[in-house]
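Both complexes shown next keep chain A, but they swap its partner, so chain B is in the first and chain C is in the second.
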Partner chain A sequence: MAGTAVLRRLTWAIAEVVDRVGETPRVQSLTFDVPDWPGHLPGQHIDVRLTAEDGYRAQRSYSIATPADGTRVTITVERLEDGEVSSYLTDVLEISDRVELRGPIGGYFVWEPARGGPLGLIGGGSGVAPLMAMLRARVGAGSAVPVRMLCSWRMAEDVIYAAELAAIASEGDGISITHTLTRSAPEGWSGRRGRFDREALSQLTWPPAMEPLTYVCGPTGFVEVVASVLVELGHEPRRILTERFGPTGG
Partner chain B sequence: MSFVSRGFRRRQEPDAPSDRVPPGQYVTHDFPVLSAGPTPRIGLDEWRFEIIGQVDKPRGWSWQEFTSLSAEDVTVDIHCVTKWSKLDSRWHGVPVDALLDGAKTSADHVMAHSYGGYTTNLPLEDLTGGRAWIAYEYDGEPLEPEHGGPARLLVPHLYFWKSAKWVRALELRDTDTPGFWEGYGYHNYGDPWREQRYSGD
Partner chain C sequence: MTSDSHVDGNALGGVLMEVFGREMTGARGRCASCGSVGPIGAMLVYRSAGDVMRCPTCGNVVVVVATIHERTRVHLAGMTWPETNQ
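And now, the complex of A and B:
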């Protein structure tokens, strides 16, 4: 389990907002141009720091949703009701505004095509963001690693990256993507309904005998259940990598 | 202060005195979880805790032996590198001082080892002097597996990744080597009051 990341001092950079995409009414993807960005691996995250005129500061971590792309870094932010950072990023920040950020951070919950597979990506809500960086890296590199991606949302309106995921899924190319809606589904919904329980996970994930590499990201309860079921199904615990979002303001 | 975020202001009144919340942290009332993999499940009949490495006599305890040791109630503030702090968290556990009592060692460093393979490194002196415990109850209840049960290291004066969940051994060492997160660029020492989040901070 020794780390392989290059130990490098992480300094704060002043990054400019260069693009903004509304993914859902509550979720936006923000792309920054970060001077001297050293590149990153899919799955890594950044820290964002905001400073008020009176000197008050707040910091939060956000997963990067895109593979390395020069000095461009995209995060996907879910607006939380009490979240003074997330609401600033989604409601106040405009193109050409600047924020302080540093990274990349984390070197364990990462995947790049050279790591191989088969690859399992299991995300709940905005926990899909770092998995999207991995999926985009797989597609962008033209890698042949087979992928099964499972995404869990409350309602159809919560689905982020919907058009891109649909396009990738329709290409086939060794990638399957399954959505489930846990709270309510509209008429004509073609995906699954209900939580990813033991039965669903045994049907939809790679058989343990194929020694898949599985990344699970989402709220704590979601990750606890999914990772525990995968272990029960016979997956090697060290090939299940997790990232949990606490149920806290951001 | 040079950089100001246009239009950003404090939305929430601080609900804790600033001398209790280290820089860059915010107070949460939940108890979030951060783990790199599935939660290991360790049966109490197979659980053991050991002091190993550079020590005159290695020592170890079964669950029954360990929970028969004299334990303390401690109420402490904890600080996670992912930015949340939790004030007045209540624990019950055995002081590391008691576990090391009488041990002869030349070691200056410790590697904590956990069930599931997690490791973290600390200076030995940070585990002594009434500053560290092996805790097995939280808020009056047995410690939940997702929070590190059956037992976890509790070193509240350092960022919480140093408080190894599912701890199974403290290895006394003459040399310092990085543990799990330290090897991925997190700070070797991790003092929240000096905001030592990452290597070089």
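And now, the complex of A and C:
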């Protein structure tokens, strides 16, 4: 699959919305059916393009949140107050509507079970989406690669994929998942509070001596801090892969 | 340099695929200024009217991408020996 993806020309396809799931009040997962989709690797992204009647075009990149599944592609979109693309995708688009998209894109920030581990997945907010594709691929393949996943959210209401992450974590099976809330936590919150700082990361990530492969995705400031702390803790920089999505996602 | 405004080379995967006709974020390139070699996906990208890709080691401008009226141009301003895997 990777071989054909490399040689294929990147062209815009008309994709149809076939499913939509509200993850939180501001975040939705949209599933598209994309004719002739060649398959993809966890961590890859797509570009979505919208064209207004007057010809104005806007384009954004979204990580794919699911492993390869025929012609189905799922993205998770956070609605941003000034986001001309994200607000259209979350508020306007309905089942059977069509958009232009192209992909899969990216060959660097990707993981599949054959790459091994131990695997570290560290996400901030909707940066968890591509990590979810990796986690789902790991679970779906019945891989034995051990995983430590760390998710940082502002508030409990921001947690996406909550039920699925809880189910995966309760299975055990070599996967641990830690949530932290950085702004406020409700009574009875069993996860951590506060940012993933040096102390938290040294406790919760794989020891550098195990030569883990760590993927970090989130807002630029989050990724900067996490990646530089990991290097300070002794992680091999080449085994820390990052995907920053800027101060916003658009 | 390390402001909140930059993203990774991954973000240019689509436009580079348009120009080169293949996946480029896993391709490695050498910074013409400091000589460090790394994958394009790990370079730093500052997005504005055009996209400026900088070396993560020294900050040198390695690639500039501009799209105007649906035409995309890539200037390999400070990247030498871009190499790809077959």
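The definition used in the following text is that the second predicted complex is superposed on the first by the 242 of 250 C-alpha atoms of A that agree within 3 Å, B and C clash if a C-alpha of one lies under 4 Å from a C-alpha of the other, contacts with A are read in each partner's own complex, and residues count from 1 in each chain.
Here is the rule we use: a contact is a pair of C-beta atoms (placed from the backbone, for glycine too) under 8 Å apart; a residue touches a chain by one contact, two chains touch by 3 or more.
Predicted model, so just to flag it, every value in this text is computed and none were measured.
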Fit-or-clash call for chain B and chain C when the two complexes are aligned on chain A: clash
Touched partner set for A:69, first chain B, second chain C, both or neither: neither
Contacts of A:220 with chain B and chain C, given as first, second, both or neither: both
Which superposed partner A:107 touches (first chain B, second chain C, both, neither): both
Which partner, chain B or chain C, touches more chain A residues: B
Partner chain in contact with A:33 - chain B first, chain C second, else both or neither: neither
Contacts of A:16 with chain B and chain C, given as first, second, both or neither: neither
Chain B and chain C contact sites that coincide on chain A, given as residue numbers: 5-7, 9-10, 47, 61, 105-109, 220, 224, 241-242, 244, 246-247
Interfacial residue positions of chain A with respect to chain B in the complex: 1-10, 14, 47, 49-61, 82, 84, 87-88, 92, 97-100, 105-109, 220, 224, 227-228, 230-231, 237-238, 240-242, 244, 246-249
Residue ranges of chain C in contact with chain A within the complex: 2-11, 13-14, 17-18, 21-26, 39-42, 47
Residue ranges of chain A touching chain C (in the complex, touch as defined): 5-7, 9-10, 45, 47, 61, 102-103, 105-109, 219-221, 224, 241-247
Interface residues, chain B side, partner chain A - complex: 1, 3-12, 23-24, 26, 28, 30, 32-40, 82-84, 116-119, 146, 178, 180-185, 197-201
